[in-house]
Amino acid sequence: MTEKLVDILQNAPSNWGKWGDADELGAVNYLTNEAVLRGAQAVETGDVYALGTPIGRKAGDPKSPSRQGAQHFMARDEGHYEAGKVESASDDYMNWADDVLNTYLHGTTHIDAPGHVWYDGQLYNGFDATTTKGGLDRCGIEHVADHGVVGRGVLIDIARHRGVDHLGRGERIELSELQECLDAEGVELQKRDIPIIRTGWIEAFYDGGVPTELEKLDEPGLTYTDAVAEWFHEMEIPAFGTDTIANEQTNSEETSSRLPLHPALIRDQGILFNEILKLDELANGCAENGTYSFLFVASPLKILGGTGSPVNPTAIT
Amino acid sequence: MTEKLVDILQNAPSNWGKWGDADELGAVNYLTNEAVLRGAQAVETGDVYALGTPIGRKAGDPKSPSRQGAQHFMARDEGHYEAGKVESASDDYMNWADDVLNTYLHGTTHIDAPGHVWYDGQLYNGFDATTTKGGLDRCGIEHVADHGVVGRGVLIDIARHRGVDHLGRGERIELSELQECLDAEGVELQKRDIPIIRTGWIEAFYDGGVPTELEKLDEPGLTYTDAVAEWFHEMEIPAFGTDTIANEQTNSEETSSRLPLHPALIRDQGILFNEILKLDELANGCAENGTYSFLFVASPLKILGGTGSPVNPTAIT
Amino acid sequence: MTEKLVDILQNAPSNWGKWGDADELGAVNYLTNEAVLRGAQAVETGDVYALGTPIGRKAGDPKSPSRQGAQHFMARDEGHYEAGKVESASDDYMNWADDVLNTYLHGTTHIDAPGHVWYDGQLYNGFDATTTKGGLDRCGIEHVADHGVVGRGVLIDIARHRGVDHLGRGERIELSELQECLDAEGVELQKRDIPIIRTGWIEAFYDGGVPTELEKLDEPGLTYTDAVAEWFHEMEIPAFGTDTIANEQTNSEETSSRLPLHPALIRDQGILFNEILKLDELANGCAENGTYSFLFVASPLKILGGTGSPVNPTAIT
Amino acid sequence: MTEKLVDILQNAPSNWGKWGDADELGAVNYLTNEAVLRGAQAVETGDVYALGTPIGRKAGDPKSPSRQGAQHFMARDEGHYEAGKVESASDDYMNWADDVLNTYLHGTTHIDAPGHVWYDGQLYNGFDATTTKGGLDRCGIEHVADHGVVGRGVLIDIARHRGVDHLGRGERIELSELQECLDAEGVELQKRDIPIIRTGWIEAFYDGGVPTELEKLDEPGLTYTDAVAEWFHEMEIPAFGTDTIANEQTNSEETSSRLPLHPALIRDQGILFNEILKLDELANGCAENGTYSFLFVASPLKILGGTGSPVNPTAIT
């Protein structure tokens, strides 16, 4: 039997009003100076990890099949000079190359704006869904980009914990497994930390093992339960990331809805989703050093009214 | 009399070969773990500043007039649902908004790849200029993006030092003034730090005072002298940023070339240019707190073969 | 005093319902087989004129300043082969070039779809304006493109008739002048013909005499009067073209509205506007041959839900 | 054994120099006033057929899988007005919708420019392949667009002749079959006519029977033999069209090259390829009326340096 989303999420906790009726930021408000400083204190080695995926591979990039791939074109390169297509470089002046990118904002590693998803006619904090027409008037990514996403990140390496290269299609991660994994890693997830959950899924994509056709998008991950939503709420999670395309079990085992964590966490709690992370090198570094926390800095572009932004998040251990 | 660029720059110092013949990163190599840790140690208050400019203003964004403005379009919003243009949201599933950005990679706040400019047929580290055809095979932004741009930033607020809102059209900044300003601020620029030079120019753009027509692009800034290039070299500057469109005096008072610091610093030394920064809030914060250093994190997207990337750099004081 | 558009156009004739309540084509319905055959009979010399404007000039193309210029990029050319950016051409296989165009559909010579403009909440034939959200569900250009725009064109060369290179800024063309010009040319405009009115304006643009800044867009042309609208109605005009950006006097001398012929003719009568025509060669040919009628063929692309389409109309004399 | 293309085509006829060393038009030069008039004389009924395919279907459009699908976005629609995203429509002024298309020039029904393909370092008429860098300096589509493609078209309905809905994957059409089909249709293909060859392939695509994955692109059609190339040469064919993506047997049964007719006809003879035509309605009309010739008008856009252009060709019977 199919339940309505309003019924599925009837007990889901909410952050509406917590930061005032005008708030468009959501849970990133948890990233106070104190949270930033706790992140900075996690820096020990000075190792830097860049968690974005490459953009523009001929073989295609990991993304939801509902979106087209990025296009990258040269407006000017040495060929243009050779062929006289741009003004000849004089002897006293340099040549330069110039290029253009056309991309879906969710078409590579990215952060979702709080206004990216909605149900029952309302966005995060109760803003009307009609404000999304022609660009997000409310809860657009520019506000998150102005604020910054800086805090203490904690890697929860489920794939390594399970002893597999990557989780299987559609496999579920239980809430209890997060804690078991943290315990095994010997790290404590503190309130207002940013959990980064590794499944090995994107690595499997690059290895050719994960098809991206929409009908086959059947990712592993957490799914909605009242307890999961409560956990995010009580832990005051500002943002969380995974190395999957949508950060949750595609076909929820628990509800009749597809991707129910999106509305529960983004729309009800204003939590940022950081999707399509590349976590292999960070995971190796953490395992080698035995430390799983780091300063996490993700910096969306200030795209006015954007529903999200490509990012290449930085983890500094 | 017009000199050839090879003559103008005959005494310019070079980093070619310093990190091996295959190096495509350039001066960002200076950002070692030690430099990262020095940056992290600059964090004191936990204040976060997002230094990117907004993208997609109706009135236009600051950028070189040789490039077209960014285009941002909705692929899906509540209007699409209302009109039945996308599959009707079922009761048990969320709605979502989706969008596309088309932008020149240098069309907003951005970092130049080491291969962005060249002369005499060679890029940074001696790579042939023909490798730029169809995308940068060498010295593209993806390498910088993989490495990360993390270090200790130091604000050199020339506008405030001069007691003006913004520098005037075409005004020159002398090397000596950088040191005077640093002295006045009471901060030491250490080797491998990232200088962030404020002119007030972008603020003037938003105030309507700075035209962007190409023929009128006449920005203030440093310009090439042997001494300036030597200073960057000896200080082992990995990257530097300004709140202008091209990071240097547009029409060099010193040489017959336009923008001679680009070839001298990018092509010869592999130094990253971080252009079109929004520095007003950072400048106010630094002045209030009396501290001018911070952790600087800029994270270009891993655009394969890209000549640069939009960024929204983060300064953490 | 400002009148409401509904009041200004209260006596404007309408074609709503004329071709049934479901009609999305509008006045192009007048282009029956008989009208097509009358056009074909106008062919005498076999001269062919291509009436579109070039797309992608570095100096910019004629278009409304509210739209961005077209972008044309190479996805593949000989430079890509030289640099190994695309698979090497084997000896037994050709090389090829490939490219992409990004353009506003009204950003060059184009035909407006019947659903392009509206007022009082309704499109042509009474369709609700909300059907435009996310693409024209009704009266999109694909229907016109399926039908074809083929008929007898008649050049009304007002500039030549006045003995000027081009009409002046904001000059009005009176209805009576159309007839005087036709008389002078010795050609009869028959019912269901396609009038092509030449002002010399686009030629002036290429000569540098016509600025395109929006605040200065002040074109010459016809404007709305009840009589003008009646004339189009009684003549059963299916489409009309001019060598201006918007086919009418920008700032109406007659009404308080800007561009009042658009709603009167497109929305009320479903007449196609063919804008930004390049008419110099056709005008010279007509003058030389003394014949001002021709077969007119314009063929919009079948862009689903498009508000218009670029075209390069063909006149065959 | 693999032959080199220069060897395969060593006996292929050439039109280089035929219209002078500076000619960039190629075989479309055959479309003289006489040819145009012969086309006009083919008009009998006044029926108009629009031969382009729809652009922007959610399910995807027929195109080579090496190209991305067209993107169509609204810059303005009623949703933008409702949400206040564009200046409020005043009572005395209309609302309007505006949109953007981003498309590969060969990504829908299109005409190839004479400079689209090359081998042995030379384009049609001997121009150097390096002139393609950054856009076609020679033999670009704008020249064809200026000239116009107007003549007498003749439908050669191979599918109907064979009594099948559509030809099978990879099936070859022999030169002799063209003549047999013409004989059966009772129509004579005259010199300088434009043959339109129907296979039923695009109809099969819309019916879901033709996959478009590149590795599976295995279309039916003519292929290169010396005799085929001679036939096009002797018949002085200016252009030819088919309802397939590449106008020839993908995997040549006769040569070791893929798509050998492209270099033989486009590069050596300058013949225009009009690909991805939608021919079902024209075919039905011709069969009903028993007449297989028509006025053919295709009108590429004047894209400067373009390797081709989308078109919606018009057949008038």
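Chains: A, B, C and D, in written order; residue numbering restarts at 1 for each.
Heads up, the rule we're going with is that a residue touches a chain if its C-beta (ideal position, glycine included) is under 8 Å from a C-beta of that chain, and two chains touch if they have at least 3 such contacts.
To keep track of the chains, here are their UniProt names: A, B, C, D = Metal-dependent hydrolase.
This one's a predicted model, so the numbers in the text were calculated from it and none came from an experiment.
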Mutual neighbours - chains that touch chain C and chain D alike: A, B
Listing by label each chain that touches chain B and chain D gives A, C
Interface check for copies chain A and chain D. Shared numbers divided by all numbers used: above half gives same, below half gives different; which is it? same
Centroid of chain A to centroid of chain D, CA atoms only: how many Å? 44
Hey, how far is the Cα centre of chain A from the one of chain C, in Å? 46
Rounded to a whole Å, what is the gap between the Cα centroids of chain A and chain B? 25
Quick check: what residues of chain C touch more than one other chain, meaning two or more? 71, 74-75, 77-80, 82-83, 100, 102, 130-135, 305
Touching residues on chain C, where the partner in the complex is chain B: 68-69, 71, 74, 76-77, 79-80, 82-86, 102, 130-135, 137, 305
Would you tell me which residues of chain C are touching chain D in their complex? 2-6, 8, 31-37, 40, 43, 45-50, 52-57, 66-67, 72, 74-75, 77-79, 82, 89-106, 108, 115-119, 129-136, 142, 145-148, 150, 256-259, 262-263, 267, 295, 297-308, 310-314, 316
Note: in the complex, chain C contacts chain A through residues 71, 73-75, 77-80, 82-83, 100, 102, 133
